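The structures considered in this document are given below.
What follows is subunit A paired twice: with subunit B in the first complex and subunit C in the second.
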Partner chain A sequence: MKKFALAGNPNCGKTTLFNNLTGSTAHVGNWPGVTVDKREGVYKKCAELVSIVDLPGIYSLSPYTPEEVIARNYISDDKPDCVINIVDATNLERNLYLTTQVLEMDVPMVIALNMMDAVEKNGDKIDARELEKRLGVPVVKISALRSQGLSELMDKAYNESKKQRFGITVLEESNIAHLIADVKTALTGEDVSNPLFHAVKLVEGDEIEVDMHKEVLGVVEAFKKTFKDDIFGTDFEALIADARYKYISEHFAPVFERKTKEKFKMTKSDKADRVLTHKIWGIPIFILILFAIFHLTFSEDFLFLGSIFGLPSLVDLGMADPITEEPLTYGAKWLSVVYNGGVMSPGVMINNLWNDIMVGELFGWIQGLVEQSNMSDWAVGLINNGIIDGVGSVLSFLPPILVLFLFFSILEDSGYMARIAFILDRMFRRFGLSGRAFMPMIMGFGCSVPAMINTRTLADEKERTATVRVIPFFSCGAKLPILTAIAGAMVVAFGAGNADLITFAMYILGIVVAILSVLFMRSTTLKGETPPFIMELPAYHAPQFKNLMLHLWDKTKHFIKKAFTVILASTIVIWLLTHFSFSWKLLEDEQVNESIIANIATLLQPLFTPLGFGSQLGEYGWVFVVAAIAGLIAKENVIGTFATLAVCLSAVGGLDFGSLVLDAADGVDAVRAMITATGITGPALIAFIAFNMTTIPCFAAVGTAKGELQNKKRFNFTLLFWLVSSYIVGAAVYTIGSWWWTCFIWIAVLAGIVTFVVLRNKKLAKKEALL
Partner chain B sequence: MEKTLDLFTVGESGIVKSVAGEGKIKRRLFDMGITNGAEILLRKKAPLGDPLEVTVRGYELTLRKTEAACVNMNVQAETATVAKENGK
Partner chain C sequence: MTSLLCASLGAGEIVLIIACSALVLGVIVAAIVRRIKGKPSCDCGECCGLCEHCNASKKNK
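The block that comes next holds the complex of A and B.
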C-alpha cells in the first residue's frame, strides 16, 4: 500500500481534505492547531489503496514546537511515497515558505492549491501552470471544502510516487549556496538520507541537527569564521529565512494576480472584527456570547419572559398536580415540554422532548415488560434498577451536552475562538500563560481528553504542564449531569435558587480555581518566563453545516458508546456491590446498609467531614463517597450511581420520600432521594459538586495526562495536585456556605500563602542576583 | 523614520529593517513572514492595549508588544484606507 502524507500550514484545510479523501470524521476547526498529532486513513479511488497520513499544521520545519518535530521526523524518517503539500491559495507567500523547505527533501511531492474557490470569489487569479514550472513539482488547484479537483490531485500524486525526486533548494542564489553544497557533499559521504535538507538545517544551526551530525559540524564552523554578511553577520538562521522569503516574493508571488491594487484591503472579516474585537466592546461582547450560550442551553425561562410578564405555571393553570407537579393530562405533558411558567429555551425543549416523551416512555415501557416477565426478583432488580436506571440517568443528559457542544463548535468553526485568544491574552499573561492556552482550556468544557492533547500547540513545557493540570477544572460535558441534577434537585428540595444560575456559578468557580492554581504553580513549582504569543488570526467564515453535524455525530457516537460500555459495566458492578454482603449473601434493597460498598464507603466517610458529606450525614452518608469514587471511572457515573442507590434507599423503611416517584430514570429525582435519605445541606451539596469538578478526572483523562506529561514524577505530582485542590475547594465551599464568617479565615490563610510565596520569591531573586 | 513595531499607532505601516530577539522568538517571527523588507501594517490593538494585530504578507497576525519590540521598522506614511476609517 502506498503512503501519502498531507503537510501544510495550520488552518490551510488539511484535515478537511483528509476527511474528504478518507471519509473520516476527524475534528476540523477554524483556528490554527486543531490537529496536533498525525492520523491515518485510507483512500480507495486510486489504482491501489493509498494510506493518507494527516500531519499537524506547521509554518516551518524548525525544531521549536512538538508538532513541527512530529511532521519533520515523519517526512524525513518514515519516507512517505509522496508528500501532498497543501497551500492556502489566499495566503500564498507564507504558505510557500514551508514549501521551499519540503522541496529540499528527497521525496516525491505535489502541491495542492487549496481554497481556490475563495480566491476566484475575490476576483483574483493564480497561474497554476506558471507556478508549477517555477517550483518544478506538479501543482493542482483544489477546493477541499467543495471536493473539487481531488481525484486529479490524487492521480498526480500517484504518478509522482512512482518517480524519484531529489531535493532542490531556493537558496541556490544566495551567498551561502556553496557552503550548503559543501556540507551536502560531506553528508552524502556519511550516507545520510535527505542530504540537502540536513545540510541546510545544519547551516542554520538547528538544535536537533547539530546533535545528530557532530562530525560534519566542523565544515560549517570553519566556514562561519571566514564569512561575514553585510546585513546579517553570521546569523545564518536569519539569513536563510530572509533568502527564502525574498525568493518567494520575486519568483512565486507574481503568479498571483490581485484584482484590487490596494495593498491593505478591508475584507468582510475585518468589518466583523471591528465589532467583535472592539477596544471597549470586545470583552463585554465575549461575556454576553458566553452567557447567551448558557441561557439558550439551560434556561427554563427563555429571555426571562416568564419573570417579566409574570406568566402562570402549569400548577397555577390547574394542569398539573399541585404537590408532585406532574402534568395531569397527556396534553399538559406535551405543553410542559415548551412551557411551565416561562417559555423553555431551545436547549431545554430538546431536553424535555428527549427525557419526558422519548426516553422516559421507552424505558418505562421496557421496565414494565421486565417486571411482568417471570424472571427472578434479583434479575428484575439488576435490569430495572441497576442497568436501566443507571444508564438511563446518564443518557438523559445527552441533549444539553450536544446543544452546548454545538455552540462551541460554531464559535470554533467561525474563527471567533482565535479572537478570544487575542482579546484575553493580556489577562492570561498576568497568570503567566499566553492567550493560546485559552484554546485547550475552552476545549476542556467539551472533554478533557482532546483538550489535553491540544496543549501540544503550546511550545513552553511549563506552560503546558500547568495547562494540562487545570484543564479538568473546566467542567467537561460528562460533569454537566452532576451540575444540572444537583442544581435541579436543590431548587426543588430547598425551594430556593435558580438551576441555571447555580450551574453557571459552578462553571465560574471552576475557572476561578483554575486561575488561582495556575498563578500558584507559575510562582512556585513551575516558575518561568511568560511564553510568547505569535499567532495567525484566520479569516472568519460561516460555519459549515456538514462540519457541525459531523462534530455532533462524533460526540453522540462517543457518548452513547461510553454509556453502553464503561458506564454500563460500572452500574452493574455498583449494583452487585450494593446487593451483596461480604459473606456473598444476596441482599434485599432495604438491607443496602449491610452491602460491601456501604461497609467500605462508611470507612472512608469520615475523610469527607470537612467537605460536608462525611460523618455528619449519618448512616446513609456513604452514598456520596460511593458516587465520587465511581466518578473516577467516568464522571457520568456519579449521577448513575445515585439513580441505582435511590431505588435501594426508597425500599428502606423509615425514610419518607413524600411526593417523590422513583420509577423514571431521572437524575434530579435521584439526587432528591439522596437529600431526603441523608439530610445533606445545600452548602454540602455545592461542595460535593465542587469536589467532583476539581478532583482527579475520569480514567480516560488521567491516561491522557500521563501520556502528555511524559514524566512520571510530574504525573504523580499532578494526581496529588488534583486531590489536594479538590479537597481544599470542597472544604472552602462547605465551610463558607455553612458559616459565612469562615470566609475571613480562608482569606487570611490565602493571604498568608501569597505573602509567603512572594517573600520567598523575592529572596530567591536576590540570591540569584548575587550570584 | 525608524522605530520598533510596538511603538506604532493603529493605521501606521512600515518596512521591516531588522529583527532582533532571543532565538526561539526570532525564529517564529521569521517563520511567520516578518523578515527584512516585509511590509507591516498595524491593524489594531486588543481591548487591553496588548497584543497587537498586524497585516503582513497578506494575512492577519497577532503578537505581543514585547515581541513587536524585537522588530525594527522604517516607517511609511499612513495608508489611505485605514487613515480614512480613522478619520470617520
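The block that comes next holds the complex of A and C.
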C-alpha cells in the first residue's frame, strides 16, 4: 500500500483534508496545534489503497517542539511515496517557506492550495499553473472544507508517487549555494539519503543534523569558516531563512493577484480582534462570554426574567404540590420543562425534557416491571437501586454536558479560543507560563487525557510539567455531574442563589487554583525562563455544523460507553459493598451502617473533618468518603455512588426526608438525600466539590500523566501535589465559607509562603551571582 | 439478616449474578489489557491511539 503524508503549517486544514479523504472523525479545531502526533487512515478511491498520514503542523523542518520532530522525522526518515504539502492559499508567502524546505528532499510531492474558496471570496486570484511551473511540482487548488478538488489532488499525488524525484533548492541563487553544494558532495560520499536536505540543515547548524552527521561535521565546519556574510555574519540559520523569503517574495508571490492593491487591508477578523483581543477589555469579554455560556446551559431563570419581573412559580399558580413542588398534572409537568417561576435556559429545557419526560419515564417503567417480577427483594434492589439509579443518575447529566460542549466547540471552531490564548499570554507570562499553555488547559474542560497529550506543543519541559499538573483543575466533562447535581441540590435545600452561578464560580475557582499552583511551582521546584509565545491567530469563521456534530457525537459516544461499562460495574460493586457485612451476610437497605463499605469509610472519615465532610457529619457522614474514593476510578462515579446510597439511607428509620420525593435516578435528588441524611452544610458541600475538582483525577488521566511526564520521581511528586493541593483547597473553602474571618488566617499563611519564596529566591540569586 | 445462600435463587437471580459478574470482570480485564497495551480510556476523539505509550505509537516509532 502506498503511503502519502499530509504536511503543512499549523491550522492550514490538514486534519480537515485527512477526515475528508479517509472518512475519519479526527478532532478538528480552528487553532494551531490541534494535532500533536501522526495519525493514519486509508484512501480507497485511487487505483490502489493509499495510506494517508496526517502529520502535526510545522512552520519549518527545523523543529523545536516534540510534535514538530515527529513531522520532520516522518518525511525525512520514513520516506512516504508522496508528500502532499498543504498550503493555506490565504497566507501563500508564509506557507511556501515550508514548501521550499520539503522541495529539498528526494521525495515526490504535490502542493495542495487549500482554502481557495476563501481566496475567491475575497476576490483574489492565484495562478496555479504559473506556480506549478516555478516550483517544478504539481499544484492543485482545493477546498478541504467543501471537499473541492480532492479527486484531482489524489490522482496527481498517485501519479507523482510512481515517479522518482530529486530535491531542488531555492538557495541556488544565494551566496551560500557553493557551500551547500560542497556539503552535499561530502554527504553523498557518505551515502546519506536526501543529501541536499541534510546539507542545507547542516549548514544551518540544525541540532538534530549536527548530532546525526558527526562524521562530516569537521568538513562542514571547515567549509563554513571560509564564509562570512556582510549582514548576517556567520548566523547561517538567519541567512538561509532570509534567502528563502527573498526567493519566495521574488518568484512565487507574483502568482498571487490581490483584488485590492492595499497589501495590509484590515480584514473582518482584524476588526473583530481590535475589540476581542483588546489589552484591557479582552479578559472581561472572555469572562462575560464564559458566564453567558454557563447561564445558557444551567440557569433556571433565563436572563433573570423571573427575578426581575417576580414571575409566579408553578406552586403559586396552583399547578404543583406546595410541599413536594411536584407538578400535579401531566400538562404541568410539560410546562415545568420550560417554566417554573422563571424561564428555563435552553440547556435546562433540554435537561428537563430528557430527565422528566424521556429517561425518567423510561427508567420508571423499567423499574416498575422489575418490581412486578417474581425476583427476590435483593435482586430487585440490585437492579432498581444499584444499576438503574446508579447509571441513571449519571446519564441524567448528558444534556448539560452536551450543551456546554456545544458552546465550547463553537468557541473553538470560530477561532476565538486561539484569541483567548493570546489575551491570556500577558497574564500567564507573569506566572511563568506562555499563552500557548492555555490551549491544553482549555482542552482540559473536555477531558484531561487529550489535554495532557497536547502539552507536547510546549517546548520547555518545566512548562510542560507545570501544565500537566494543573490540567485536572480545569473541570472536565466527567466532573460536571458533581458540580451540577450539588449546585442543583444546594439551590433546593439551602435556597442558595442560582445553580449557574455556583457552577460558574466553581469553574473560576479551578482556574484560580491552577494559576496559583503554576505561580508556586514556577517560583520553586520548576523555576525557569518563560518561553516566548508566537501563535498565528486563525481567521474567524462560522463554525462548521459537521465539526460541531462530530465533537458532540464523540462526547456522547464516550459518555454512554463509560456509563454502561465503568460506571455500571462500579455501581454494582458499590451496591454489593453496601449490602454485605464483613461476615458475608446480606443486609437490608436500612442496615447500611453495618456494611463493608461503611466500616472502611468510617475509619477514613476523620481525615476529612477539616474539609467539612468528616467526623462532624455523624454516623452517615462516611457516604462522602465513599463517593470521593469512587471518583478516583471515574469522576461520574461520585453521583452514581450517591444515587445507590440514597436508596439505602431513605430506608433508614429516623431520617426525615421532609418534602423530598426521592427519585435516586435524578442526581440532584440523590445529593438532597445525602444532605438530609448527614446534615452537611453548604460550605462543606462546596468544599466537597473543590476537593473532587482538584484531587487526583481519574485512572485514565493518571496513566496519561505518567506517560507524558516520563519520569517516575516527577510523577510521584505530581500525585502528592494533587492530593495536598485538593486538601488545602477543600479546607480553605470550608473554613472560609463557615467562618468568614478565617480568610485573614489563610491570607496571612499565603503571604507568609510568598514572602518565604521571594526571600529564598533572592538568596539563591545572590548565591548564583557570587558563583 | 439473611445469608445470600439462603435467599431464593431463581433463574432470574442466577442470570443477574452471572451478568453482573461478567460485566465487572470484563471491565477489570479490559482495563488491565488496556493498561498493558498502554491505552488510556478517554474521550479524545481517537487521538489517544497515538499517545506516548500505546501500541500504535510504539509501532510507528
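The working rule: the second predicted complex is superposed on the first by the 761 of 771 C-alpha atoms of A that agree within 3 Å, B and C clash if a C-alpha of one lies under 4 Å from a C-alpha of the other, contacts with A are read in each partner's own complex, and residues count from 1 in each chain.
Throughout what follows, a residue touches a chain if its C-beta (ideal position, glycine included) is under 8 Å from a C-beta of that chain, and two chains touch if they have at least 3 such contacts.
Just so you know, these numbers come straight off a predicted model, no measurement behind them.
Of the two partner chains, neither subunit B nor subunit C is touched by A:79. Once the two complexes are laid over each other on the shared chain, residue contacts for A:26 go to subunit C alone; subunit B is not touched.
Shared-chain residue A:541: touches no atom of subunit B or subunit C. In the superposition on chain A, A:373 makes contact with subunit C only, not with subunit B. With both structures placed on the common chain, the touch criterion links A:134 to neither subunit B nor subunit C. Once the two complexes are laid over each other on the shared chain, residue contacts for A:165 go to neither subunit B nor subunit C.
Looking at the shared chain after the overlay, A:714 reaches neither subunit B nor subunit C. Once the two complexes are overlaid on the shared chain, A:591 sits against subunit C while remaining clear of subunit B.
Interface residues of subunit C, counted against subunit A in their complex, comprise 1-4, 7-10, 12-13, 16, 20, 23-24, 26-28, 30-31, 35, 38, 40-53, 57, 60.
If you check the complex, the residues on subunit A that touch subunit C are 24-27, 35-39, 373-376, 378-379, 382-383, 446-450, 453, 477, 550-551, 554-555, 557-559, 562, 565-566, 568-569, 572-573, 580-581, 584-588, 591, 699-701, 703-704, 707-708, 710. Remark: subunit A residues 59-60, 62, 64, 90-94, 97, 231, 237-238, 241-242, 245-246, 249, 262-266, 269-270, 273, 277-280, 282-283, 421-423, 425-427, 429, 435, 459, 532-539 touch subunit B in the complex. Of all the residues in subunit B, the ones that touch subunit A in their complex are 13, 18-19, 23-33, 35-39, 41, 43-51, 53, 55, 57-64, 66-67, 79-82, 85.
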